[in-house]
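To start, the structure itself, in structure tokens.
Every chain is named by a letter (A, B, C and D) in the order it is written, and numbering of its residues begins at 1.
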Amino acid sequence: MSEAMTRYLEVRRRTEWLAEPLTAEDQTVQSMPDVSPTKWHRAHATWFFETFVLAPYLAGYEVHDPDYAFLFNSYYEAEGPRHPRARRGMITRPGVEEVGAYRKGVDDAMLELLSGDLDAAALDLVELGLQHEQQHQELVVMDIKHVLAENPLRPAYQGLVERSPNPTVRAARRVEVAGGLVEVGHGGRGFAFDNEGPRHEVFLEPFQLDDRLVTAGEWRAFMADGGYERPELWLSDGWFTVQAEGWSAPLYWSSSGSDDWTVFTLAGERPVVDAEPVVHVSHYEADAYARWAGGRLPTEFEWEHAVATTAAAAGEPSFGWHPAPDDGASSATLRQVFGDVWQWTSSAYLPYPRFRPAAGAVGEYNGKFMSNQMVLRGGCCATPPGHARTTYRNFFPPCSRWAFAGLRMAYDA
Amino acid sequence: MSEAMTRYLEVRRRTEWLAEPLTAEDQTVQSMPDVSPTKWHRAHATWFFETFVLAPYLAGYEVHDPDYAFLFNSYYEAEGPRHPRARRGMITRPGVEEVGAYRKGVDDAMLELLSGDLDAAALDLVELGLQHEQQHQELVVMDIKHVLAENPLRPAYQGLVERSPNPTVRAARRVEVAGGLVEVGHGGRGFAFDNEGPRHEVFLEPFQLDDRLVTAGEWRAFMADGGYERPELWLSDGWFTVQAEGWSAPLYWSSSGSDDWTVFTLAGERPVVDAEPVVHVSHYEADAYARWAGGRLPTEFEWEHAVATTAAAAGEPSFGWHPAPDDGASSATLRQVFGDVWQWTSSAYLPYPRFRPAAGAVGEYNGKFMSNQMVLRGGCCATPPGHARTTYRNFFPPCSRWAFAGLRMAYDA
Amino acid sequence: MSEAMTRYLEVRRRTEWLAEPLTAEDQTVQSMPDVSPTKWHRAHATWFFETFVLAPYLAGYEVHDPDYAFLFNSYYEAEGPRHPRARRGMITRPGVEEVGAYRKGVDDAMLELLSGDLDAAALDLVELGLQHEQQHQELVVMDIKHVLAENPLRPAYQGLVERSPNPTVRAARRVEVAGGLVEVGHGGRGFAFDNEGPRHEVFLEPFQLDDRLVTAGEWRAFMADGGYERPELWLSDGWFTVQAEGWSAPLYWSSSGSDDWTVFTLAGERPVVDAEPVVHVSHYEADAYARWAGGRLPTEFEWEHAVATTAAAAGEPSFGWHPAPDDGASSATLRQVFGDVWQWTSSAYLPYPRFRPAAGAVGEYNGKFMSNQMVLRGGCCATPPGHARTTYRNFFPPCSRWAFAGLRMAYDA
Amino acid sequence: MSEAMTRYLEVRRRTEWLAEPLTAEDQTVQSMPDVSPTKWHRAHATWFFETFVLAPYLAGYEVHDPDYAFLFNSYYEAEGPRHPRARRGMITRPGVEEVGAYRKGVDDAMLELLSGDLDAAALDLVELGLQHEQQHQELVVMDIKHVLAENPLRPAYQGLVERSPNPTVRAARRVEVAGGLVEVGHGGRGFAFDNEGPRHEVFLEPFQLDDRLVTAGEWRAFMADGGYERPELWLSDGWFTVQAEGWSAPLYWSSSGSDDWTVFTLAGERPVVDAEPVVHVSHYEADAYARWAGGRLPTEFEWEHAVATTAAAAGEPSFGWHPAPDDGASSATLRQVFGDVWQWTSSAYLPYPRFRPAAGAVGEYNGKFMSNQMVLRGGCCATPPGHARTTYRNFFPPCSRWAFAGLRMAYDA
């Protein structure tokens, strides 16, 4: 089996492995318009291969079901009409078994295709499809967490991972970074999404970054100091959202009225652990926290330049689908970079100079979302292994909280 | 096995039989706030027996799962807090299998209870539970039709029932009914809901009722005559709704732009059959149609008195979960009374004189819904056999269309 | 000057007198979609005469401004398109002065018309126009109260009327009314709206009515007993509304947190007076109160029959645009019937048997609102003198609170 | 009279001059939540002087009315609670005359204060107050245009300014700008808002800017080519907005169905003039147009650097409150820079490096709005004389259309 086939199967099987703990019912419902059913993710990632790889490259390929293009296209306008996003939870049929058969059928055809000679353009599309499926793997985890949290029984996705019960956390250290005219963006070989390039120059003033993430315990101090009740700490839109949504703690935190906070994790409900990185906060909250704490969020270029020049080796995703406490090891470099929580930056998600989307429908991948979103950098405990990189630009609206997002403090030098 | 046990099992088994064609996915989703998942209906009707019969009457009974009261209580405030109605589609767990086990466990306990001596109060509650479950059987059919119609593939619930392809329909005959001081409401023996009584006197002027239902073909004539575009035909709220919702035909009708109408039925999409009773129209539409056709809707008391004194024997539900054409037989009596479509009346749903709800939580059954609803009389193709009766008061808001509701014309004498 | 001219001028002048205390700004804004600006009422009532009387009956009459039909038509679909109701507050021009000139111009033409011979049909339309204007006089008062209450300064419409500071209130007496087959509805001579007829027979069981209205003090007892927190007292829609709107007291009541209630009146903010009738409650609240107090609301027919047979002479409107305490005089008849608060009934607003709307556009006056509304009977402190009568049917949706509406208790005999 | 007094009076009188053509009614209503009544602007700008200048600096000053702080504070959380923005149209009282008296009273006190010795901090606050009032002068014009356009009569604010009936427009020329490490932001003397600094370095690649604005005629070509119907031209959020709002042309454009477009201007409705700059388009529309036209929007730094180095002398505002056609004069520099329409850039509104808001309540002026907004540069036909400058950063959400906003094309070199 060729390397390409091995990699293809590895990525595809991981998706199925993620769905394994879930019942047909779990995989079907949509708990809010931003969330997609697990079953839908499994079919959509498959439709991507069918539409952009098999249809143009595998001679004689016939689509598995002509209706699926309508059901499982996400937003590719050039590929025709599609089922409305907010109604994905209505697709009771095809069921999980039919979606499984769809995946199997496309896998068979893909393996046939990959067993032959493919030109570079086709191989690029296969790789894009795999990276795309990995993005959806992370979405499967984010989304099913929201689905299970909406059930008043709050069932667990997986069993509890054992950790030391009450880890201590050391004070953060500030890593100094010299500014100047530096290069950012993807420019070398290896896969990257179109929005990561072109590589280009930006001018940075000197700055500092904390070597570790903001913790849940620090967040509790923010809450105890009236963080959610003091308008002067917030952006105007953020303060409006706090009041409209009644936010008083991160998403998935609950309290019985006292200061006795618990948090819903994918292993079920359990007490908040102070040493763990705070997670499931919006950009608005991260920005308010940073102001309260006497610093600010880094720009995406500060983050990238600092990580590119000073970070420790990329961490792997935390076990148990939940960010892990920093291990406290002494180090002069940035820690908790890729495997715990996405880190909000102060940068709006905008095109780099001379950015050009790819031609055709795959060109709708990234560029058209460049408004009303903020960039997050790093990776998280739900990011597939090997999927994170220094130039990766994740993005969400500033009010979003269901991603595994936290923050790292920055300061003017 | 006692008669009570036999009846209990018969009703309970029919619910399971209704759910049989449905997948776990079908049974889980909620297509609009008014719709409940099949699985939820199955559990809720079970919770009713557990709460109002087993808990008070079966010594030593322990509830199947203490969380279920929260999940499967519908609106009984006296029974404590409950899951919000509009979020019933979020209950991915318990799944269909666990709900099946719940039903089995309650059935076992109920059979144990029914094998002993029960006082009249307990037997009344068992009967109320069975009537309640029959109501939910009809809701299962109404609701799953909406769920399947929301799927763009519009899958069928069951296969097509063969009918004569293009039946003719005869002109309606007007049945004359003398007015006067007449008695209405349930007053005899046999089961009735509290809202059907007390039996009391009302004064009616002489009137006429059509012997058959308004047909789909007649409805097309209304549409062709601009029925949905002429405000003078509509109640003010109705006209507002027509415009806000963009109504131009009954629910589940589709057209490719020409006059080529098809309709989604539980056997799938098929052409509209002119001879069939029109169904899935709101009170607003029925009222506008009646005005256009030169008559009016009957009051609920006109309907009841006419049926009590002149109707043919109660029809049985139409086959194939869809109203059947009138067979055209000559008759001086009302036809298509109970088995095809619920018939909108011009009566608001209000308490009868000296109405008293039952004591305790079961008293929340009917009375508290007596606002903003209109009464429908008769029964429909989804009504369980034996469940319809002359004094039965069904009710829905005037904008509702997902019930199997149509109309019968009335006229001043 | 003829009697018709005198009456015409009297009614028209009263509208202007109502507007006198109001600035141009007061007369322009719309505080919620249900409310219309004073200026709009003044113009709309004028448009009614222009459209339905002057245009057809005064030879050579030219409309004051052809745009006004679009601006000041309220809901007469047959009279063509019109400005959306919820945007009436956008009509900054014509201003109050131009509206004054419009009124003057139409008055001149009307006087010219009335100085000649008019047939009965025309005179009926003039009378309809005057009754219509009187209805809008009451709306002017209701609406401006809402407008002024929305201003955080809560300015007064008029100065305070002196009353005895703390009047006592006697216990209510129940007036017994025999039932039977009785006649209701307008049938004699004198003006009535189409919805008040035809006169017809209804059958009533014996019942009792309180001789006085429910007071603010009794309402405080209801509140103190958890009236707004006990779902078992409420219709389901009512309970939903209480929670959605956060109701905990009648509209216009405020409290600084303690039990120290004040109320906004048209004379400004002042303490709640226990002896006064409660006012500005919805049907839902009236219904819940009646259940709590061990009785019920009367039907509109019970109310009408009782008043027709046992009421004291019609009271005049209370001074000071606020309902007055009962004077406590001993009497075997109903008191506080017409001049204090409209009284919610348990009757939905529906057509009487053989009801036929008038032909043409004026036929849109009443009939098309016969859905989702409840009937109120009597009159209130804002009702023009001479405008109330026993058969008058006022109506509002059950959630409405900005009318001067309260209640009188009824009981089964 | 001192220079400071003269300038103070000049700015203040211009506000009153803007309000002169407006009736009390015009000045009172609020046509959408983003719009404030003219009267409110007049009072709010006055409250600013009272609160931030008179209260701290004029010994013995007593506030004009203690309620006004609640009514006329816009968003300064540090200054206490305030009337909700969306309800500013409810403030019927104080009326226009009382607001006039308020302005007069504050002016008298300000002149007293200005006649004495003031320290630099106080003088800075006076200048901030005047700049603030000038910003509100532009808002008065924008807002009243929306108010008058909501009136179906579409009354004019002022009479028509004569222009050549059908001016021609020459092709745009591209002005080349070399990139490199350049300085942007306010750094010198003279007034600037806090968000215009600190001055700092950015790196720009070489680019081109059109010497003139995009015209209405070019916009019609975009529309004729399906600009509003082709999703591939739009940002995803933009496309959603186009469909949700039903946009098919700029705000204030109307068509009778043919291609016969008219536009509402402050001089009333008149035909679209092809040679005039397009105005009242959102960022989404500007972005889609630029993509269609084969270019892009400039970044705010490209715009600033180009104007600072190559622009013609700042233009003055167009006559008649409407952007004027380019006069076609040959020139190698940028034209139509400051006096016609604000020009959307591709830059999100974010803080410059080392940005620090001012201390205290005036620090809420700009920084807290730095989310979900896009920067516009230049000035417009409603900008007060002398108020525009090269470093000025205007900002609106990308869906906003009621500002006088258009665009200038940019291109990669």
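Keep in mind that, in the parts below, a contact is a pair of C-beta atoms (placed from the backbone, for glycine too) under 8 Å apart; a residue touches a chain by one contact, two chains touch by 3 or more.
Because the structure is a prediction, the values reported are computed rather than measured.
Chemist: Would you mind naming the chains that touch subunit A and likewise touch subunit D?
Modeler: Touching subunit A and subunit D alike: no chains returned.
Chemist: From subunit B, which chain is the farthest off, judged by mean CA positions?
Modeler: D
Chemist: Could you state the distance in Å from the CA-based centre of subunit A to that of subunit C?
Modeler: About 58 Å, centre to centre.
Chemist: Centre to centre, by mean C-alpha position, how many angstrom separate subunit C and subunit D?
Modeler: Each chain reduced to its C-alpha mean, subunit C and subunit D end up 46 Å apart.
Chemist: Find every residue in subunit D that makes contact with two or more other chains and list them.
Modeler: Residues: none.
Chemist: Which stretch or stretches of subunit D touch subunit A in the complex?
Modeler: Interface residues on subunit D, with respect to subunit A: 75, 77-78, 181, 200-203, 205, 231-232, 234-239, 283-284, 287, 346-348, 350-351, 353-354, 364, 368-372, 398, 412.
Chemist: Going by the contact rule set out above, which residues of subunit C touch subunit D in the complex?
Modeler: 23-29, 31, 39, 67, 70-71, 83, 87, 89-93, 95-96, 147-148, 150-153, 155
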